[in-house]
Amino acid sequence: MPNFIMSYLGSTVTPGEAGNQFWALIYVLIIFAAVSLAVVAMNWFERKALAHFQIRLGPMRVGPHGLLQPIADALKLALKEDIIPAEADQFVFWIAPVIGLLAAFTVYTVIPFGPSQAVSDMNIGVLFMLGVSSLGVLGIVVAGWASNSHYPLIGALRSSAQMVSYEVAMGLAVVSAVLMTSMKTGTGTLSMIGIVESQQQQGIWFIFKFFPLGLIAFVNFVIAMIAETNRAPFDMAEAESELTAGYHTEYSGLRWSLFMLAEYAAMIAVSSIAVTLWLGGWLRPFPNLLNAPAWDFIFSLFPGLTFGALAAVAVIGVMRMPVHPYFRVQRIGLAVFAALLGFIALFLLVIALAGRSSDATVAARFRDGIDYVYWFVLKVALFMYLFIWCRATWPRYRFDQLMRVGWKVLLPITLVVLILTAIVGVIVS
Amino acid sequence: MNPSLNMALISAFTTTTDPGMAPVATPFFFYLLSGLAVAGGFLVITRRNPVHCALALIVTLIAMAHLYLMLYAPFVAAVQIIVYAGGIMVLFLFVIMLVSIERASKDRRFNRIWPVGLAAACALMALFVSAFVKGRALFPDRMIAIPEGSNTQQVASMLYGEAGRMGQYTFAFEIASLLLLVAILGAVIMTKKKI
Amino acid sequence: MSAAAKDGTKENVNDVSGHALPHAIPSHLHLETPEKPYLDSNELIINMGPQHPATHGVLRVILKLDGEKVLGTECVIGYLHRGVEKIAENRTYAMFNPYVDRMDYVAAVSNGLGYCEAVEKLLNVEAPPRADYIRVILTELNRMASHQLWLGTHALDIGAMTPLFYTFRDREEILKIFEKYCGARLTTHAFRIGGCQYETYAGFEKDVKNFLTFVAPKIDEYEELLTTNRIWLERTKNVGVISGEDCVALGVTGPVLRASGVEWDLRKAQPYSAYSKFDFDIPTGENGDTYDRYLVRMEEMRQSLRIVEQAVNSIPEGPIMAKVPKVIKPPVGEIYHSIEAPKGELGYFIVSDGSTQPYRLRVRPPSLVNLQALDVMVRGLLVADVIAVIGTIDIVLGEVDR
Amino acid sequence: MVPITTFHYLVVAAALFVLGVIGVLTRRNVVIMLMSIELILNAVNLNLVAFSRMWGRLEGQVFAIFIVVDAAAEAAVGLGILIAFFRNKETINVDEIDLLKW
């Protein structure tokens, strides 16, 4: 069996391309677990970061520095009574969160964490991603309708209008990135892996391509993506102060947590798309400029060092905790967590060292795989921070203003950028 | 475990050695998807509640998108999901919510002349059946593989043309976009309260 | 409202701002829907509240909507009614003093000041100067605390979470001073009829001065977050516009009135307590929209700081209590006294029959009167604006319902 | 198992087509009638794509895209008419829409 695993680690294509359903299934499971874990981590991180923006501490009680808070929350939600309003449409009420969740998670099938670290490399990857993420709106609309209540209905109508209109700007921004893939070879590609590879070939992230056209398209995409995921400052659908909770007002317990899971999964998904299209996906910084093997080695140390730094932060946290019987369990818990992080760091460093020896060995491939995933996740994490930052900083747009921004500002700008990209591309080539 | 067994394991999970994205387990998925599509279509015309109908139609549309994928038409499949499931059906749901459906759910489902309609449809079905039975030979069993990797590109070159030449359907495509524009304007004007 | 109060308001309005009080309420302020809406079937009646996160307590607003457009509103109040005015008839003047703290509980000091001064006027006593200065300092600090609470919740209603925590951090310092002075943070009961009960604690002036230097940059911090923020501007500019004339016709007072361009502040117009001795400006707006009301309140915070600074630097020595009989038995008569509370004109109308208890006590709460302007402000706006406008009127339901 | 041929797809398309026709002819609710029309258009699409596969040419797919465009236009206009009608008559039942004026 180890040989079997190792033989796959040496593969250079995605399991979908190889037609290997077994590995594709394993990838799907890994991604599902990882995304769920990421959502849990994001939950904790959002609460902590938001709290520190707002001069509070955030969760501190459940586990050291509230590390176990998301788990406690999940348990609480799972154990809560699952209320279906008497007048609600039972079946639709039941299926609505599932639709949202399915749409959010299906997008991950085409997201490339590395040149072979994806479930599948569809040649219509970008279109698939746009289409599937647009299905998420169905869950919201249907949830609002099935609740048979005014606030959810208004929330659902708002968010459906919002998501449908921002999808247009989003799609056009994506098209301008796709257009850039055709610059050197003459034929563009819609495959997500192909897009990253063409950034590698052209030696430039598309955010810097045809400066500032790529940048403008990227910024437009980011704005549209925040609106698309119903996050502040575009969180009309769940505007707490206006519509109590928008489309999920009537939901409780596990079902509600499915909505949350879908929302965060969708956030991570759209961020991954932005990273893939404009920020070079899995590519490390300056892959062309600093391409000596020594640089490869130095950059391959980053994952281990990152985990080492996290472990150091945890150790500092242990040191700073008051020495008091009350904090004994928490200290021990944090120390164990630090040890865990340190162990991961050590493991990653060992792999980086092992992969140094030669290029074609399994260890080298494994090291590369970790590198790819590391850089990808790091870029996505920056986007996650951006989401939180926006939420902490800005007031909420009003619905009509939101639509105005979408149709009268974002859409024309994106359209002009698209046309200019085409013109510049023709002139250059 | 020896290497040869590994290879056997790998090949057991691999139905094809073809590096392209050939559909797998075709009959199973075909029957599954077409069953879903037809069941969805049946629910569309029988359910009382329009929202249920819309959901059933969405199931049909997604199943048909997968059928397109099996027919080596990934671009059409993507367009189907983006435009139909993500756009048109949201529009439908939007409208269903705008027009109150409390009354509609209590009303009669079918109109008074439904037997006539059903009879006409049955006649149509009979026509189809006879055509299929008699003209079975007209539909050869061949399936020519279309190169899937460049499908989008080929469709694009038919629509837009390539290397500076107009495509075969460029003019028709422009007309279609004009049609969409007119439709948008018409819809906006009709739904506007006061012009 | 009593006849005396009405007359007083009328004269003063004519004097100060030149706005004539209309003889009848103008027709566009009438509460029924002005025109028949285009389509009845699209009307949606929505109950906002009483349990709603953004109605600041238990206000219930019945919204008549066309899609998201507001055709009309109706406020249903009384969920927090405690019969404060009736209670007053069964309590002695001194016993009733703590009750007024419970009306506008975020500006309890102002309430107490208004009540004490009204009874003092009825008794014909005057608080000694030192007591007046202490009263001014505490009242202005309280005005600031009230405005900070308003800013935090208003921003939260519009979706900005962070200012809430900033303002609460700074409000905490004010509440600490209150706690040190009189032992309570919110319902302070700081003043007594005839002056103050407590002498300032040692270090009071230092605390206040420290607070002044601490909070001045914080106000800039709030403004940094909001004043030039595009989204904030879009959400507040030209939202909930009300003209000065309409304000006067509806009896709206306080920052809402001043933001509509009417320079009317009882601290200047009818100086009470020690206010005539201090130098401060009355900030006014031009458009009478939500943004102007925001700016006016931000500027009022700064003016409050100015007043407190002057007061704490020139606080005189002397007694803090006037000679007040042990049993307060005012002569037969009636009195209306109003002060400028953080939310507007807070008036007390007391009828005395010569006994130890008021024969009738009527409160003119600024929140209740200002709330009347809600319908005028939000008609034709969207649901989201209703939230913003409720926030900008700055109501406290304890005061509306009493 | 029988290999899946064009004929299989045609049968599915025919079934969907007939279902759509039944929906259009028997239902009262205009929204559902419009949905049935979408069913019909989809059946046609499936035919076109299946034939495109059969002949190994892409014209069928191109026409399918044109039909999707047409369906979008039809849905927008149809639902627009429906909303305008509902505003004035408060019904979306096709057999109550029997006057030439409103």
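Think of it as A, B, C and D in the order they're written, each chain with its own count starting at 1.
The rule we apply is simple: a residue touches a chain if its C-beta (ideal position, glycine included) is under 8 Å from a C-beta of that chain, and two chains touch if they have at least 3 such contacts.
Note that the structure is a prediction, hence the values are computed from the model and not measured.
**Student:** With centres defined by CA atoms only, which chain is the most remote from chain B?
**Tutor:** Here the answer is chain C, farthest from chain B.
**Student:** Based on Cα centres, what is the most central chain?
**Tutor:** Of all chains shown, the one whose C-alpha centroid lies nearest the global centroid is A.
**Student:** Return the distance between the CA-based centres of chain B and chain D, expressed in whole Å.
**Tutor:** 10
**Student:** Averaged over CA atoms, how far is the centre of chain A from the centre of chain B? Could you give it in whole Å?
**Tutor:** One centre to the other, that is 30 Å.
**Student:** Can you check how far apart chain A and chain D are, centre to centre, with Cα atoms defining each centre and the answer in Å?
**Tutor:** A distance of 37 Å separates the two centres.
**Student:** Compute the distance, rounded to whole Å, between the mean C-alpha positions of chain A and chain C.
**Tutor:** Whole-Å distance between the two chain centres: 47.
**Student:** Where does chain C touch two or more other chains at once, residue-wise?
**Tutor:** In chain C, 39, 41 touch at least two other chains.
**Student:** Give the residues of chain A touching no fewer than two other chains, as numbers and ranges.
**Tutor:** none
**Student:** Out of chain B, which residues touch more than one other chain, so two or more?
**Tutor:** 75, 79, 87, 91, 96, 98, 151, 193
**Student:** If you look only at chain A, which of its residues touch chain C in the complex?
**Tutor:** 50, 53-56, 150-151, 154, 232-233, 235, 239-244, 391-401
**Student:** Can you list the residues on chain A that touch chain B in the complex?
**Tutor:** 1, 3-4, 7, 13, 16-23, 89, 91-92, 95, 120, 122-124, 127-128, 130-132, 134-135, 137-138, 141-142, 144-146, 153, 156-157, 160-161, 164, 167, 187, 190
**Student:** Considering the complex alone, what residue numbers of chain C touch chain A?
**Tutor:** Residues of chain C touching chain A: 44, 46, 52-54, 68, 155-162, 164-166, 169, 225-226, 229, 231-232, 234-235, 382-385, 387.
**Student:** Mind listing the chain D positions that touch chain B in their complex?
**Tutor:** Touching chain B from chain D are residues 1-12, 14-29, 31-32, 34-36, 38-39, 42, 45-46, 49-50, 52-56, 58-59, 61-62, 64-66, 68-77, 79-84, 86-87, 92-95.
**Student:** Which residues of chain B touch chain D in their complex?
**Tutor:** Going by the criterion above, the answer is residues 26-27, 30, 34, 37-38, 41-42, 44-45, 50, 53-54, 57, 60-61, 64, 67-68, 70-73, 75-76, 79-80, 83-84, 87-88, 91-92, 95-96, 98-99, 104, 107-112, 114, 116-118, 120-121, 124-125, 128, 132, 136, 139-146, 151, 154-155, 158-159, 169, 172-173, 176-177, 179-180, 182-184, 186-191, 193.
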